[in-house]
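As written, the chains take the letters A, B, C, D, E, F, G and H, and residue 1 is the first residue of each chain.
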Amino acid sequence: MKSTREILEGVQSGRLSVDEALDQIRGLTVEDLGYARIDHDRVRRRGFAEVVYCEGKTPEQSAEILARLAARGASNVLGTRASAETFELLKRSVPDAEYHPVPRAIVVRRGPERQIGSVMVLAAGTSDLRVAEEAALTASVMGSRVERVYDVGVAGLHRLLREVDRIRKSRVVIVVAGMEGALMSVVAGLIDKPVIGVPTSIGYGAQLHGLTPMLGMLTSCVPGSSVVNIDNGFGAGYLAHMINELGEGAHGHRED
Amino acid sequence: MKSTREILEGVQSGRLSVDEALDQIRGLTVEDLGYARIDHDRVRRRGFAEVVYCEGKTPEQSAEILARLAARGASNVLGTRASAETFELLKRSVPDAEYHPVPRAIVVRRGPERQIGSVMVLAAGTSDLRVAEEAALTASVMGSRVERVYDVGVAGLHRLLREVDRIRKSRVVIVVAGMEGALMSVVAGLIDKPVIGVPTSIGYGAQLHGLTPMLGMLTSCVPGSSVVNIDNGFGAGYLAHMINELGEGAHGHRED
Amino acid sequence: MKSTREILEGVQSGRLSVDEALDQIRGLTVEDLGYARIDHDRVRRRGFAEVVYCEGKTPEQSAEILARLAARGASNVLGTRASAETFELLKRSVPDAEYHPVPRAIVVRRGPERQIGSVMVLAAGTSDLRVAEEAALTASVMGSRVERVYDVGVAGLHRLLREVDRIRKSRVVIVVAGMEGALMSVVAGLIDKPVIGVPTSIGYGAQLHGLTPMLGMLTSCVPGSSVVNIDNGFGAGYLAHMINELGEGAHGHRED
Amino acid sequence: MKSTREILEGVQSGRLSVDEALDQIRGLTVEDLGYARIDHDRVRRRGFAEVVYCEGKTPEQSAEILARLAARGASNVLGTRASAETFELLKRSVPDAEYHPVPRAIVVRRGPERQIGSVMVLAAGTSDLRVAEEAALTASVMGSRVERVYDVGVAGLHRLLREVDRIRKSRVVIVVAGMEGALMSVVAGLIDKPVIGVPTSIGYGAQLHGLTPMLGMLTSCVPGSSVVNIDNGFGAGYLAHMINELGEGAHGHRED
Amino acid sequence: MKSTREILEGVQSGRLSVDEALDQIRGLTVEDLGYARIDHDRVRRRGFAEVVYCEGKTPEQSAEILARLAARGASNVLGTRASAETFELLKRSVPDAEYHPVPRAIVVRRGPERQIGSVMVLAAGTSDLRVAEEAALTASVMGSRVERVYDVGVAGLHRLLREVDRIRKSRVVIVVAGMEGALMSVVAGLIDKPVIGVPTSIGYGAQLHGLTPMLGMLTSCVPGSSVVNIDNGFGAGYLAHMINELGEGAHGHRED
Amino acid sequence: MKSTREILEGVQSGRLSVDEALDQIRGLTVEDLGYARIDHDRVRRRGFAEVVYCEGKTPEQSAEILARLAARGASNVLGTRASAETFELLKRSVPDAEYHPVPRAIVVRRGPERQIGSVMVLAAGTSDLRVAEEAALTASVMGSRVERVYDVGVAGLHRLLREVDRIRKSRVVIVVAGMEGALMSVVAGLIDKPVIGVPTSIGYGAQLHGLTPMLGMLTSCVPGSSVVNIDNGFGAGYLAHMINELGEGAHGHRED
Amino acid sequence: MKSTREILEGVQSGRLSVDEALDQIRGLTVEDLGYARIDHDRVRRRGFAEVVYCEGKTPEQSAEILARLAARGASNVLGTRASAETFELLKRSVPDAEYHPVPRAIVVRRGPERQIGSVMVLAAGTSDLRVAEEAALTASVMGSRVERVYDVGVAGLHRLLREVDRIRKSRVVIVVAGMEGALMSVVAGLIDKPVIGVPTSIGYGAQLHGLTPMLGMLTSCVPGSSVVNIDNGFGAGYLAHMINELGEGAHGHRED
Amino acid sequence: MKSTREILEGVQSGRLSVDEALDQIRGLTVEDLGYARIDHDRVRRRGFAEVVYCEGKTPEQSAEILARLAARGASNVLGTRASAETFELLKRSVPDAEYHPVPRAIVVRRGPERQIGSVMVLAAGTSDLRVAEEAALTASVMGSRVERVYDVGVAGLHRLLREVDRIRKSRVVIVVAGMEGALMSVVAGLIDKPVIGVPTSIGYGAQLHGLTPMLGMLTSCVPGSSVVNIDNGFGAGYLAHMINELGEGAHGHRED
């Protein structure tokens, strides 16, 4: 990476010993908890701190990792699929942590307050809200202004059509839809901005826990869209923010 | 079935011997070719002659079965997925047979000419025409007036919206769509008539040879629709005619 | 749509301002609850009010949406997959709401009482009753007379054959079947009316939670049938009523 | 196995050296061609010679294996999925070999002529004949009398019902069916004999190259049946003969 | 069916009125409980009473159907996948009913005591016992003598090999196996009797709840076997008894 | 849409008759060829002309649609999955059409020459080039500067690592990968720009014609990425250009 | 097997009677508990005692089998997927049994203490620990020295790269990874030792309970790796030990 | 990696300039052909040159890459799935290249001749030879002594049992099997060496082009085995050699 040259120049000039250089090249920005290795370099490398996926971890593990990230203070901190129990544990050491029950997410605000551009989150039905809110919260915590238009599935197309002008004004659009997920194609056909499809597991039988809208969105007859995993509001919000940030214009590559 | 009573009364009155009655009950309307048993009772029972699915049969077999049905003359005769070779063989014995190359179908006109109500056939894209034409031909051969609106996929929604009035005036609507098949949901949401979805195998990758639009149509968020097999234009046209016929009003059950 | 002309003529004549016309074109018949946008235009457009799929919504959300639809009073109101808790909440504001525990559905009667034509509901086994009753209730609430013939699976074919005359007299037949779903093909082969197959998730192992009868019904060797999603009694009942209504004869398109 | 005692007694008595006994225990009835090990012990162990599945082998390999088995002369010899080219090669060394083009099988008659009991082969449609004939030929070559009833799919149920008496008189019934494969359940429900279902790949789309009838037959609501692989007429015929042979009454276990 | 002739002769001779004959032809042996139609003709037609699959039925429904079958007394009565609650309800009216907790089955003994031939039940592992016992109980209740060899999976092949002689002496062999189900192929290769494979859902991950051994058994390289649904011990036991009964020799078709 | 207000104001002011307004609202920008409806409004609505997917269309149909779009001259014209035969037909009427054989695409240059920002296309292996080149061509034809880094699969990670600086300097990255598709996750973890994954069908067996890398990319442990259909280089290039265009800074919504 | 010669020589020399020899050949090292046949020969044949998979067995069954194996004392004893209840039962008769709660395993130490070579266990994330620990414990109980490097998923590649030297020093590497499982390919590309991939079910949606990383690992673009079942830490540890043992150099085949 | 220290020490000592060091760190051992980046570092890193998978590459591309690798001369060179056309092209510049038609592989011998330990390749049937020979050739070209035992499928178990002693004497065993793949479990249960399963696509219907044996091998009830992709003889041979090499005893990690 870019700074490897600097490290080598440090060695050349004698400013760095070989061992110091080795450490830096190997990324000493990793904090080792035994069961986890926190990647504190991620803010520099990717623009946002490691996000903690709490499912499959014990509440103790999740809370400790979140606390360490918050202590670092390099950016806002986000934990997804977090239980209330994890939140209670975390609050003891990080009293200003927030819990968002609909998307089941924990936020600790440590980064600069920003509200750039705008990310539009559409949801086909009321049942898709949990996922839509995860997308909206993620983009917002990362620094995007977020707008929401919910329950505009294709069964009542005019509900969507009357919002088209507003949708077209955002920089990037997230479409959250279960059942057959047709909303994504319809939206993408009406606008000229990138569309991120989030299939949800809402439905039954042939819906196959979200595989059907996922496959449908991937084979959409409308270009200009792409797809994230089923129920992955987080991934959609993260990507939407990245795209939104590009729209800030003077944005170059991070390390310049 | 209803006529069983009549057969039994024939036996009671002595008009029928037991063996004659047995034959009738067992359906002597079957013509046995060894490799096939032609079901001549089907016109009485279902309102239309047996339709011959020519795939997997030798041209000789298909041509002979079609010729036998034509000879019976009880209704129009239809052969689907028929090769030109089958048609050439058939024409020797049935000179007025017709071949329709786009849907690869053979027709022999033997029934009354009818053009009842109307069946609307929509196709999402130009690539779906082969299936759409199979549906249109089937309904037409059975006696329905058929209208076609092609290439109205959701990528350019206004192409569809300007035809909505016309679509709403038909009795039943067939929607033929490949890719993700979103057109079916959109159409069903705009009208108050039964919609029959025909997923097609047009597409690639995650389209899974038509499984994706098939699953999508089955999990549509819009009620009032149902689905037939992938690329099954024939099945859709057949069902559409049946529904269309109901709209003729005074229609009772066939054998009364 | 048709009335767009009227709106434009209203603008031309000065009866409507541009803003009023915009609202009407954009469908101000939508009622926005934040988490839901109730589509009050649906009765005009599709002949029946929006049906509320209660799964994935909170009881509070379901109850409020149902209450709003009932208040509008434009047609009967139906909530499917509704919990008893949702019903208890709804009853506070809509005391005449009914709960049907077998299909887990809520009904509020606000439309005209009708019992047109007839819809026949067949169920292959006793275990399929929940789905069959959802189909029957839906068609009935929409205005169809409904008949039921249950437990007539192909393991004991004579149970079905003795009911064939009665089945043939209905306008449209719903076949509800789990296991391999063979009943649908057998029924469709015996009658001349549209058949709607409803695969159920009754079975285990290779039954794949209903995928097996769903695929089997879609590939039926008998034309004249189509298929709805697994366990989707509601969709079958809705479509059956639409088809049944066509049989009322003088029925034209809704807005004429 | 049973004869191990005999071998051991041979060693004990000095009739067999240890090395001879080892050879016998290890099955010196194997003939090694390098690319194949012909299992000449199979007649003793299973009652019929090894059957050669010719697909995936070169014609030379298939022909040589068949010739070796024929030379042994212990029972009839069967090669399935054999090309005409394989047959031409074989005929040079085995002039009395027969080729059956519909099931694409080679037979060399070396066993006793037998026609025990009876095996009934049903086929739902004309397109299923290739598989049905493979089943019929296999059972026949093994020594069963075979009867055939073809094109009796459930679309015209009376074609089947009139043959029920005849079907009931056989010892075991093979049902060959593509599409959704419903015929197997219907047949099994009408008789009191074992039914072997052979799903075929006839159909398209949701038929999934035979997976759909295979799954349907496995989840049949009618007990008394079991299933072999898609298009596996050979396997069905082989098993049917084994069952048929049990009906010969005095049949004990082979080596007694 | 065969007795149709007798009915017709009854009409011819005046012994039966037309209406009586119609009833008989239509199968008045059906007892209608509203939610179920008990098929009392099944003993005559198939040799054993309808077996009640209790899953998906309420305990009240299951218990009543079982009681009615027991009251008829035509053969032993079997209820599968039955809860203890169903059994408690049944015992009130049928005090001699038995509950078998491992296979979760209810038996009421009303038929003749028989122990014909023998059916061998093999299980690959201790975890497969529930399914193996369902197979063994079913065959036994129908009249077969049953032998069991359990925990002989291929991981320790010698456990199986030492039982081969005993296995070869039975008329038909059921192989119950989870994981990859290799035991069925190995057993079938060693004997000359029909083998019925029962894949079980024992395993995890790529075992796919039993689909993997099911597919493996269906594609076995060893002929002479066939497969029933995953965990379907009942179906295997039922079929095994049917086959075993054929071995009784003088057995003709049932109604002669 | 936005211009509806203008149309209405035209009617209000008398500039437009009602019929003229209806035509405009209904989108008279559609050109109807019978088998196709060319959506000339798409440039206005989406910023680029309709792209013609030539597979499944006859060469005559594809060539005519491309010629009509070229005649309109509103933007560059792109035909994907085009045969050389289609190109030969097109060249007769559009002599300056170009054929790109690796991605099998046709281009007619009619739009402004632009080379904005940059889109990076990575390919894991040499076998993925066809898809990578389709992506690169699409983005380029739409107006993006495109860079390529090919054959940097994870089997030799250092090939990728030495290009990371260059990759990080682009605005959006397309990763084309077959086999297991691991490259996408690795790339996304190293940069702070949006990543579009394109799974390819390169591989065999468990690769499932691209389903495996598609599923893998969708479940990537690295956020900031999304996925298009298997082998869909076109979709990736289209979306990448859209995102790249956002980076031009002052970009507002199109119709302002 | 090899010792068959010895047995035969025993018979030849008169040291063994035929019946004794039969018993030995048939493997009298099997201990029959009715529901289980303990394979005490396994230590001789495979180098380690039968491992007990406790899922699907009752705690009583598992505990008894483990106790019998421990009593034999031939090698360490391992029970996987064991409940605490099983452990409590076992401790009564085997007080020195150990319970490992993370991998849910029971160990009874009866074999020689060994710590040969080394097995490296990598885990992509904290959520994969349960499986990783099962692998580590298994290899360790069998006699391998085990090293662990956890939470080195590809999202932060430098966490892995800094451990490459250490990883390269082990004899065999187990990679435990959920999500898309890309870690296995990356690791295999960096080292020259056998890699065993263990896909885990950690993830959701398109991760398909582990099928996605399993398929991905199987289609890895990097040779030198192979795959065990989803979540099968035990299988990976077992195989890793076997491979590790080969590295002990003078190791010949067991029975020499 | 280890040599990074050396590079850094070179910089420190002035032996290397910063730019030279950067090149070395970034891996200048990559040779860039535009469409391919040849990884000449692979011999050092992994012990064997990059293997060229020729499918999906043009013959020109494959031949050039192979020629470059041969020119480097660092180890033997292997091209898999290579056409005769590729070989003809290659021979022009590399006259001593060999073509192996059964496994369709190209070999150029440039490494030291070795024949270490032994790798055993088993094939279940004659149809599996193409894959088995790819495995055998790969291991042999890498330096292993290879033994072959073919056509020992479980249908004739004694063919396998008589070879067990010989199999047990090898260091690692590859089992190549199509159909249901049961051979792998049986073999693994009999020996104490690592087993690598290679499922093949030999079979039809439920064999699912090899998915069925692949899933079966992954869920084998016998530990000590692992699985590579369907038909991936190359991957199995590569891994087998790696394991075999471990058995050479004094083998440490490569760079020491």
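In this section, contacts are C-beta pairs under 8 Å (C-beta built on N, C-alpha and C of every residue); 3 or more make two chains touch, one makes a residue touch a chain.
Quantities reported herein were computed from a predicted structural model and do not represent experimental measurements.
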Counterpart interface for D-H, drawn from E-G, C-F or C-D and sharing over half of its contact pairs: E-G
Whole-Å gap between the CA centroids of chain B and chain H: 54
Inter-chain centre distance, chain E versus chain F - centres from mean C-alpha coordinates, in Å: 59
Between chain F and chain H, centroid-to-centroid distance (C-alpha), Å: 38
Set of chain C residues in contact with two or more other chains: 125, 155-156, 189-190, 205-207, 211, 214, 218-219, 229-230
Touching pairs - complete list by chain label: A-B, A-C, A-F, A-G, A-H, B-C, B-D, B-E, B-F, C-D, C-E, C-F, D-E, D-G, D-H, E-G, E-H, F-G, F-H, G-H
Interface residues, chain G side, partner chain A - complex: 125-129, 150-152, 155-156, 158-159, 161-162, 178, 202, 204-207
Chain C - residues contacting chain B, complex: 1-2, 45-47, 51, 164-165, 168-169, 171-172, 189-194, 196, 214, 218-219, 223-230, 234-236, 238-239, 242-244, 246-251, 253-255
Chain D - residues contacting chain H, complex: 26-27, 30, 34-37, 39, 41-42, 50, 53, 55-57, 61, 65, 199, 201, 209-211, 214, 229-232
Partner chain G, residues of chain F touching it in the complex: 124-125, 153-157, 179-182, 185-186, 188-190, 203, 205-208, 211-213, 215-222
Parts of chain F lying in touch with chain C, wherever the complex brings them together: 4-5, 8-9, 11-12, 18, 21-22, 25
